[in-house]
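The two complexes that follow have chain A in common; it is paired with chain B in the first and with chain C in the second.
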Partner chain A sequence: MKRLISLFLAVALCVGMTACSGSTGSQSGSSNSDGKKVEIRLLTRMAGTTKQVEIFKDIIKEFESKHPDAKVIDESQGDESSFNNKLKTDLSSGTLPNIFRIQGVANLGEYIDNGLIMDLDPVLKADPEWNKFVPGALSYYQVPGHNGTYAIPMESGLIGVYYNEALFKKAGIDSFPETWSQFKTAIQKLKAINVTPIALGAKTTYMAGHLHDQIFYKWMGTEAAKKLGSRDMKWTDPDVVKSLGFVKELNDMGAFPSGAAGISDDIVLSQFQKGQAGMIITGTWNISNFTNKKDCPAADDIKVAKFPSFDEKPQYKNEDMQVISPYMVNGKLTGKDKDYTIELLKMLTSKDAAKRFAEEASFLIPRTDVTLDTQKVNPLLLKNVELGKTSTGIAVDVFDFDPLASMQDTTRNAIVSMLVGSSPEQAAQQIQSEIDKSK
Partner chain B sequence: MNHTNYKGRKALGKVGLFTFLTAMALMFICPMVFTVFSSFKDNTEIFGDPFSLPKTFRFSNYVEAWNGANMSTYFINSLVISIATVVILAVVSSMAAYALSRFNLKCGKALTIFFLAGMMIPIHTILVPVAYIIGKFNLKNNLVALVLIYVAFSLSFSIYVLARFMKGINRSLEEAAIIDGAGYFQIYTRIMLPLTVPAISTVSIFNFLGAWNNILFPLLFINDDKLKPIALGLLNFNGERGSAYGPLMAAIVITVFIPMVIYLLFQEKVESGLAAGAVKE
Partner chain C sequence: MIYLKSRKDKFKIFLFIVPALVLYVLFQIVPMIGAFYFSVADWNGIAGTAIKMVGLKNYIAVFKDPGFLISLQNMGKMVFFSVLFHTPIALLLAVAINTKCRGYRFYKAVYFVPTVFPLTAVGLLWYFIFMPNGSFNTLLTNMGLSQFVTPWLINTSTAMNTIIFVNIWAGVGYYMVILIAGLTTIPDDIYEAAQIDGITTVKKFFLITVPMLKPIISMCIVMDIIGTVKVFDLIFVMTEGGPNGLTNLPTTLMYYEAFRYDHYGIGSAIGIIIFLIALVLTVGSEYLTSRTEN
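Entry: the complex of A and B
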């Protein structure tokens, strides 16, 4: 009996161990046979089940079939917290992927100093055929205080106001408001016909953040965001507080759904698709959600426009919020690892890729050499591109220029706090004290 | 008169209890019902009418979930990982618990505190060192390493529960065994282990769920598609700007099914084990 029990315990342990090592065995076997393969790890946000992800994966497959001695390990994560967990751990444990993405610009300095991000200027100069990116988008990743270009823009597009033209007409609004005062009148008219004027779900805080970004750039210009980042300006400065005050003003006049602070972006998107809301501030990635009549009964009525400007600030009329997302390259790469990584980067952002992404997925890579087939491209995307061309200054989020990584959450949370009672002064103070604390 | 009062109070107490239990049951069942309903809907329906019955039952979500989350492979991986974790933990922690609860070790108290301290370390604080070790020793995509990480993180809790339970077992059985000539190992295997089965079942359930549901460690240390567990498969439906919630919910229903079956199978043992640590002779 004693022997039997001992045997059982030993077997149980062995089963556990062999069960694991059995699987690992096959893996290590493949890694042996792949021993000479060049491994290229990608950590981007290109994950999920959308068309653009399908195209992204097609390009990876194409690269792998072109280079049988290379293996691409795509670790991309759509979920933000999973992505951040993975990126932070990779950064701090020195296992950075070959191609990755870090949000922000000013916070890149530290990584550049440590040689973690490659300067892509030499690569761009060596290949004029590929180097046809929109100058403003490329220069976005010329980090203050550092020479060079530290990312390739892989996505761009105006963050516009998508509006339901039929609801606007029903409310007696003939055309999309161009100025702030007209905008407020339109909101009141939409409210009068019992329509939520702006679909904003601030539980996903970026929505409130993006609204303030738009207001900020129209009120103070995109350069002001850089001044906040370089500390030449404070969040408690009267003009900045005023920009926050405009968000509060919209909230107080009932421009958002009731309980907006507790509603997520998916819910308000659904409200807009169903024609229950007049406007939504979003980017080109949602265009496909606005054209499918099955999901979006209001599809035929949806149009896009720029966020209105302020009468007293005509100089900032075309200072726009645009999304620009990067591909960064590991600065530690050498030899074949580096060559293959650069080649894959070029394939992912080539002229052909840009055309396919735009025509099939309404996803814009900011290149100047792409001629889009107007028959294939969504009219909303074409309009977005047209509007984007008039931008005199572009920026993504205001906090992109801040060296403090915590500013993304701090600014967005403070803006949301105004929807639940905080004053613009309190919100500004909340953000500024985070900056002061870090000094 | 007093008797009637007593009966009335008892009935009132019962009504209160059942009202409370019904409210609790509803609270716990709502998310499950929502998940099952949503698993047959598309995004527009989920966010438009979140609590209504599906207008049409989209069974295609389940097919998409099975293929999209690569479930046939990930399911087996999760089972292997979870079972290995449970077995190793049951063996190692019951041995440690036996030593801690029965031997008069000089450093017994210090050891108990040492094991307890393990429960107080938040995972996120040691992610970087663990990631560094995994990277340094080339242990990425190694399921043994993953299982050992799970074992390490669950060891404190398992030892604590089992030691508490073993302390409550009557010593006279052991004394009788000693008189019959049994050694420590025999006492452990023939007396303590059989008597500790309810507590081992309890910790095993927790350990199984912990390993089955863990997403952080595989996310960081497993990037080979052949080795990923099911929790990572669920992430396949999450996009940067919008997720396919229908298939995601269907995948969640499938994923939750196994732990539920296991819980139902061991339910009695778990419930008796949960109370067991508290009872002392």
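Entry: the complex of A and C
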């Protein structure tokens, strides 16, 4: 009996050891010389139960049926934290997926230098039929200091102000304000009828960040963000401080729900959907949440507009914040792994895919060759596209042009700090000191 | 002490130890050494790139960071209040339940329930209660106490205290169960003898229960210290360390530095500092309790 037990323990140990010893240093995508299936790993944000994810999965299935010798392993994560954890682990362990995404532009340099991201220029040049992307969106991934294009834009759209027209009318506002002073008057009128003017839940700090992004581009233009990133400008420069001051001004006049810094985005989104808030700053990804009357009783009244511009800065009227999300390709791929990955990338961003994504899921791939069926497309998306076409300069977040990875949290946290008492000068100083610390 | 007669016996015992030892070394000791190595290095988090040794630079940077000092202060406060409230409240509950009063099984289960929930679920639950437009503020308003309505999780004076309260709420049941187990080991004869001597219930508690439970109480305190130093999920769910780093703990800061800002060196340095703090507090509390026993 005792012998049996020790034998059992020894076997258990061996099994345990085998399980622990994973294959180390394996490159993404399996080798295909030994007849195994070609593995294509994807790490995107396309996860969940939305229509766009359904289309994404349909395309993967179509690819797999076309190539029985290929297997797509979709490791996409909807949640931002889970996505970041997975991406960082893959980067540090050298197991980067075939197709992935990294937020930002200026911070890509290090990854490019290490050969982790493929230059897609040759692929784009070789296939003119596929290469019909909106030039501005494509050039967004031409990283300063590096030749080439390092991502394919897979999502775009104006980040604008979605507003409840019925509430605006009730408050005596005839049309959406076009200038900052009109905007402030509208906020006061909405407050007068006991409606939260702007649904902003800054516990999820991106909401505060996006508000400042909008103000920043209308006040200083999108080029200024690049100057902050290249250190030709400082966060403590008077104009930048002033842009932060506008956020503080809105907070002080009660434009946000009380205790906005402690409320999360889903709660304010639900308030807006129920018609308890006048406006929300968001992007095309939320359009589907504004159309279903069951979840969104205010669906019929929701309209979209550009963020108001400043009277004294008409030149930046059409400097807009847009979302641009990328598909990047692992730079270490070769042979069949590379060919199949590129083919899947093309399928995911093709003309047909773009049409389907837009018409069925209100999800916009920035292509120039897609003719949308106006009967099928959501009117909010159509309006969004129309507004987006007038942009003279586009940018995502201000920190996208900053080489420091910590700037996403630093800038957003500092902006939130103004909602709980800090001055614009203190917020600017906090951000600038993060930059100075890294020197 | 068991005396091992032969090499065969020794081998058998070794076989029993090996599986746990291997797992422990592989998943505890090796990563710990790894963390120490990274804490004195500068690395961008990309596999295959050079890891530059920088000595104590990361530690100096950590201690110069005002955000870390705030997190350290928060941790100190959290450990202090957790130790102050967890075990005493748990002890009172344990003694009350141990009287086998009517419905004691029900109360035991109810007080233990928060421990069964994952801390993330507990955090979410209390977030919905304490958020600015949450149920607690609504309750205060409905009771006509609107002057006390405050954004509990973002107000500088209440944010950390609210989280500490939730941490205490979530942990009391755990220590209560340990102490109930301890109480059952105290022989009834002692209480009966005390009864004959005409001792009061309060005196019984302080002169019999507490001294007899001392080893268990000190174990609870040590576990409490270690557990509180390691709290991460509660903060992550309730405030994400915000607003503006006000409620960060070294654990959340460590996560942000390593996994969000690509500062693996600084993240590891914070990890080592947390380890040292837990070690010092544990050894210190052990020393204090053993000294009072002597």
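Quick notes on this one:
The rule is simple: the second predicted complex is superposed on the first by the 404 of 439 C-alpha atoms of A that agree within 3 Å, B and C clash if a C-alpha of one lies under 4 Å from a C-alpha of the other, contacts with A are read in each partner's own complex, and residues count from 1 in each chain.
As a convention for this text, a residue touches a chain if its C-beta (ideal position, glycine included) is under 8 Å from a C-beta of that chain, and two chains touch if they have at least 3 such contacts.
Please read these numbers as outputs of a predicted model, since none were measured by experiment.
Applying the stated contact rule after C-alpha superposition, one finds that A:Ala126 touches neither chain B nor chain C. After overlaying the two complexes on the shared chain, residue contacts for A:Ser417 are found with chain C alone; chain B is out of touch. Within the superposed three-chain model, A:Val53 lies in touch with chain B and out of touch with chain C [touch as defined at top].
Within the superposed three-chain model, A:Ser93 lies in touch with chain B and with chain C [touch as defined at top]. When the two complexes are overlaid on their common chain A, residue A:Ile267 makes contact with chain B and with chain C alike.
Using the contact criterion defined above for the overlaid structures, shared-chain residue A:Ser258 touches chain C, although it does not reach chain B. By the touch criterion stated above, A:Asp409 is placed in contact with chain C alone, chain B being left untouched. Touch criterion met: A:Gly78 reaches chain B, while chain C stays clear of it.
Overlap of the chain B and chain C interfaces on chain A comprises residues 2, 6, 9, 12-13, 16-17, 20, 85, 92-95, 267.
Residues 12, 15-16, 18-19, 22-23, 26, 44-49, 61, 131-133, 151-156, 239-240, 242-246, 256, 258-264 of chain C are the ones that touch chain A when the two sit in their complex. Contact residues of chain A toward chain C in the complex are 2, 6, 9-10, 12-13, 16-17, 20, 84-85, 88, 91-95, 110-111, 114, 116, 202-203, 205, 257-264, 267, 404-406, 408-409, 413-414, 416-417, 419-422, 430, 437. By the touch criterion stated above, chain A contacts chain B in their complex at residues 1-2, 5-6, 9, 12-13, 15-17, 19-24, 26-28, 30-31, 41, 45-50, 53, 73, 75, 77-80, 82, 85-86, 89-90, 92-95, 266-267, 269-270, 273-274, 283, 285-286, 289, 295-296. Per the touch definition, chain B reaches chain A in the complex via residues 42-44, 46-48, 68, 77, 80-81, 83-85, 87-88, 90-91, 127-128, 131-132, 134-135, 140-144, 146-147, 185-186, 189-190, 193, 215-216, 219-220, 223-224, 226-227, 235-245, 247.
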